[in-house]
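Below: a set of structures, written as structure tokens.
First chain A sits with chain B, and in the next complex the same chain sits with chain C.
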Partner chain A sequence: MRLGGTMPSLRGYVPLIPPVTILMMFFALPMGMMIGLSFQDGDTGSFSLTSYERFFTDDLALDGFFRTIVMSGLVAVCVTVMSYPIAYFLARSTSRWRAVVFALAIAPELAGVVLRTYGWLIILEDQGFVNDLVIQLGLIDRPLPLSHNMFGVVVGLTHVLLPFGILSLLTNIQGIDPNLEKSAQILGASRLSVLRHIILPLSVPGIVSSLLIAFTLAASAYATPALLGGIKFSVLATMIYQQVLFYINWPYAAVMANVLLVIVLAIAFTGARLESRLNSKLHVR
Partner chain B sequence: MSKLLSVGYWVFFSFILLFIALPMVVVLAASVSPTSHVTFEFWTWTLEWFGKLWTSKWLDPFILSAKIAAIVAVISGVLATLGAYAVAYEKCPGHDAIMSFLLSPLAVPQIVKGVAIVLFLSSAGLFRYLGTPGLIAGHIILTVPFAVRMIATSMYNFDKNLDRAARILGASWWQRIRYVLLPLIKPGIFSGMTFAFIISFNNVPLSLFLVRPGQSTLPITVINYFEYSLDPILAAVNVASLLFILAVIFLFERIGGFTVQIHGGSK
Partner chain C sequence: MSAAEIADIELVGVTKSYGGNVVVVDNVSLTVPRGEFVSILGPSGCGKTTTLNMIAGFHEPSSGEIRIRGRNQVGVPPEKRNIGLVFQNYALFPHMTVQENVAFGPKMKGQSKSETEEAVRSALKSVRLEGYESRYPKELSGGQQQRTALARAIAPRPSVLLLDEPLSNLDLKLREAMRIELKEVQQQLGMTFVYVTHDQEEAMSMSDRVVVMSDGVVAQEGRPSEIYQNPVSAFVADFIGKSNLLPVKQARDHDGRLTLTLGGGLSLVSERSGDIPANDITLCCIRPENVQLARKGASGENLLTGRVDKLVNLGAHAELWVDVSKDCLLKVQVPVRRLQGIEIGSHVDLLIESAAIQPLAH
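Up next, the complex of A and B:
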């Protein structure tokens, strides 16, 4: 390996030059510039907090901010609740359907967000699949408001993010010793109490990581809220897009992007700490 | 009580599977339905919408997307292999910190990365690089961390004794890389590249900022068309691009020989 050369230790860094340069140029530098820009006055370029002041006093912006939080929270809960049975099945089943369920659970990832959102639009629209069906059956005479609102967006995002929830719960549940459940059952515990006293407590770390990953990905999603939410449904991601491409207000766009970034990083950070604390607690027992 | 619980579990379980499958099934049905009214009466199904895709309106964005995805897959494959080699194989001093840096774009939401890149290109006077070059640069930032993670995993699993054996038998550094390391980590490189291809081809949040008139990717073209109507041609576009992705995975699998277990990872 050491083919001569006076500083052998530096040779090891040579392969890093291309990837690190590219990441510096198109990631670190732009991020630094964007963060800097958010603290600049639009006209003079000097340091100022006016863009932040504007964000936190702008009712529309705050409205979008809180809608982002509520939407992401709802999605996180739906994703986790719906992922759990699938992940549990995948972790414990030995049936031949396991492979089918696994493929079905993960395959939507390949389809991309546009196809799935389009599918939900066809299903949930006023003249869509569900409304057509329900009206034909004569259950109601006016279409249910299923799309262009929070409901539609939460449904769409839950679908997009389910694979992430399933995978993070699956890793966790696979780590739980199946003998614990067996011995509890042998000792006469009912299915329900095995679930409540053994599986659920031990899968808390998986539940937490599923909640967190779904929350952060929902908060930064653009396509689903933009397409299923309709024009009036604004969240941080859609507001950022509008500020950059329609209002061309870059400092303000940078502020919104930073707010989103801070939310995501804060959640990821507290989540990682919470997870490691939970994990160490479980292993001490 | 226990029986009720068990029935409830299976009902909920089937509901979730239905929920997962439903949008895909509906899009498939929509793409072959004769009108914009989705029908499951399969005897009326038609392929006419797929025939209408052969116009430059849909072909141009498709070709651009495929071209960008291919370039992105190759470049991020090379960059990630180099990075993973230094960090995971040679374990250069400070490899943990360097690894975190290589993975750091994952922590930032895509839409934030998109804003950062578009602001950077605009304020650095690089406006003319919006469009294809900007899309390639942006997508690379997105895909390199995934590829690094996948390739690094296969490097960590590499048995260093093989390298030692080759060295004792007198193989040069380059021979050991070319004939020992690379063939063994090939599946990792190819799964990283496949992943990069799919992410780039389907990407919305970054491309949104980087496309420009005449240089728009397929997902962005589809999204912009959404606003006018739910034309069944959109279903045909979506189904066609899904088939294309599946063909690409199949092709890469053939060359790279990775047994597919596509894991999600975080966006």
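Up next, the complex of A and C:
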């Protein structure tokens, strides 16, 4: 009886073997190697903290570090603010345009990051669409600095990451009982008061997860900052690339990768804690 | 018209249709005087919830007029209608305490802090929920959530309270207790209640007046007992309580007494000629409790004999299905103490009072 009882449960783990093997080989192992690499001396291969020391004393490296945080934070806020009305419309609308809006909101994801980033470059460049237009209209003489700076990168990344914000807010807002809004309304609350007192407080978990996902994806994005930011715009992702390809300094690249990993993990952990606290407090149906 | 005569709610020819051809509510007129407890009763899809939503202002009628205390409400948004609403799922704000939930209405209506506190106190007192002010909705039982929802709805002192099947999420015992409580709260506040339900017992037990709806139209309107005893159609007879609906082949009027010829050679006499011309009568309705077991050898009119086909003992009374003719099973309700000697297959004599036979046209 005991044998019969344990055998099937063991057998239940069999399908897990291939994915676990793949995860070990291509995720856990390289990750471990990267962490190990960051503690190595580039020349001798012995244990050393020199790469860490260099990172935390190098102004350029620290600049990139803070730029990464600022850029990701700005993107997270822009994505969430822009996603909110779209997600609310998608969650509540019964109109026939709902499907169209949903497709328009999600479709960009199909186009690929590089393609979309080049699209933005065409629009924002010094000789790009926007600058051409305003110069032709005679509103300005010299092109506005729309690309190769923080502005351009934030615009590009916001567009790339918008679907993630929409989807995480959509799930949350769909979980808020529409009768709550009706109740508030009939109790005398204006549209604005319903938003302020009912919908916003109840969608805080969705807002947190949207901020979280946008921040982590922005922090690790490479193509958009590289293309829209130009050479002088360095964030951790582009700096890692340079270390590996141009300077061939693997231990230093590994340090930067680890710093990025720590930022993302710290943000994800705090966010997840906050979210679960809010969820258990609200008991959103 | 003087102030006292103005009804709290008036619906005049209210119609709601979608896309021009799907008519959900069809030309409904209704007047609810101040302080009355009115139930809108009907099966799902009969248009009762749509009617409620139009009174609340969530839907606009396609045509017709809705007046609250004499003022036309078409185009007035819900937040400006001064109406209370209790939902089936209570819809309590999960991020607010009981106190904050109940205070929401008075606060939104711009009442001062002391006025709001007083309104909350008195509302919670009405529903006997004092001492629960700092609880969150998820920390309350179903019944307590129900009371909180009621307190929240009455706290801003609306002119009318709408209730959308508010008891259907509670278990039977609690539901029955809440019926009495709801009625008490209503009488104590003297507030007009419009109660939407598909549960005829709820409607019968609480209402001053019942409006039965079917397919978007008002099928019948009246005091609960009136509707039970004098249903105007087979639908109402069937929907409210239990009934035998027997097809009538021919009806003849003799000075206010009707002779109804049924299938299988049966014939019954009804004292209710009513408003229906004899030629239009196609059915008659007999309530199971109005059919009595007759003593052996009894004679007289409306005496039927049949074989017991089914017998269900419900404790206080029993239901018999008696085969009175080839294609006519009569449902009979008898007190359990009268069941002696009766089992499936027994032959019984049944007596129906002529006043208890209601002829129907459709």
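What we mean here is this: the second predicted complex is superposed on the first by the 266 of 285 C-alpha atoms of A that agree within 3 Å, B and C clash if a C-alpha of one lies under 4 Å from a C-alpha of the other, contacts with A are read in each partner's own complex, and residues count from 1 in each chain.
What we mean here is this: a residue touches a chain if its C-beta (ideal position, glycine included) is under 8 Å from a C-beta of that chain, and two chains touch if they have at least 3 such contacts.
Please read all numbers here as calculations on a predicted model, not as lab measurements.
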Query = Is the arrangement of chain B and chain C around the shared chain A a clash or a fit after superposition?
reply = fit
Chain A as apex of chain B and chain C, Cα-centre angle in degrees (nearest 10) = 90
Task = Scan A:N179 for contacts with chain B and chain C and give back first, second, both or neither.
result = second
Inquiry  = Output check: A:A189 vs chain B and chain C. Expected answer is one of first, second, both, neither. What do you get?
reply    = second
Task = Go through the superposed model and pick first if A:W120 touches only chain B, second if only chain C, both, or neither.
result = first
Query = Which holds for A:M31: it touches chain B only (first), chain C only (second), both, or neither?
reply = first
Request  = Tell me which of chain B and chain C touches more residues of chain A.
outcome  = B
Remark   = After superposing the two complexes, the shortest C-alpha distance between chain B and chain C, in Å, is 11
Note = So the chain A residues that chain B and chain C both touch are 190
Note = Touching chain C in the complex, chain A uses residues 177, 179-180, 182-190, 193, 197-198, 201-202, 281-285
Remark   = chain A residues touching chain B in their complex are 1, 3, 9, 12-16, 18-20, 22-23, 26-27, 29-31, 33-34, 37, 82, 85-86, 89, 101, 104-116, 118-123, 125, 129, 132, 159, 162-164, 167, 190-192, 213, 216-217, 219-223, 226-227, 237, 240-241, 244-245, 250, 253-254, 257-258, 260-261, 264-265, 268
Key: Residues of chain C defined as touching chain A within the complex   = 56-58, 77-85, 87, 89, 91, 93-95, 104-105, 108-109, 136-138, 152-153, 156
Task = Write out the stretch or stretches of chain B touching chain A in their complex.
result = 1-2, 5-6, 9, 12-13, 16-17, 19-24, 26-27, 30, 37-38, 78-80, 82-83, 85-87, 90, 92-93, 98, 101-102, 104-105, 107-113, 115-120, 122-123, 137-138, 140-141, 144, 148, 173, 198, 201-202, 204-205, 208-209, 219, 222-223, 226, 230, 234-235, 238-239, 241-242, 245-246, 249, 262-264, 266-267
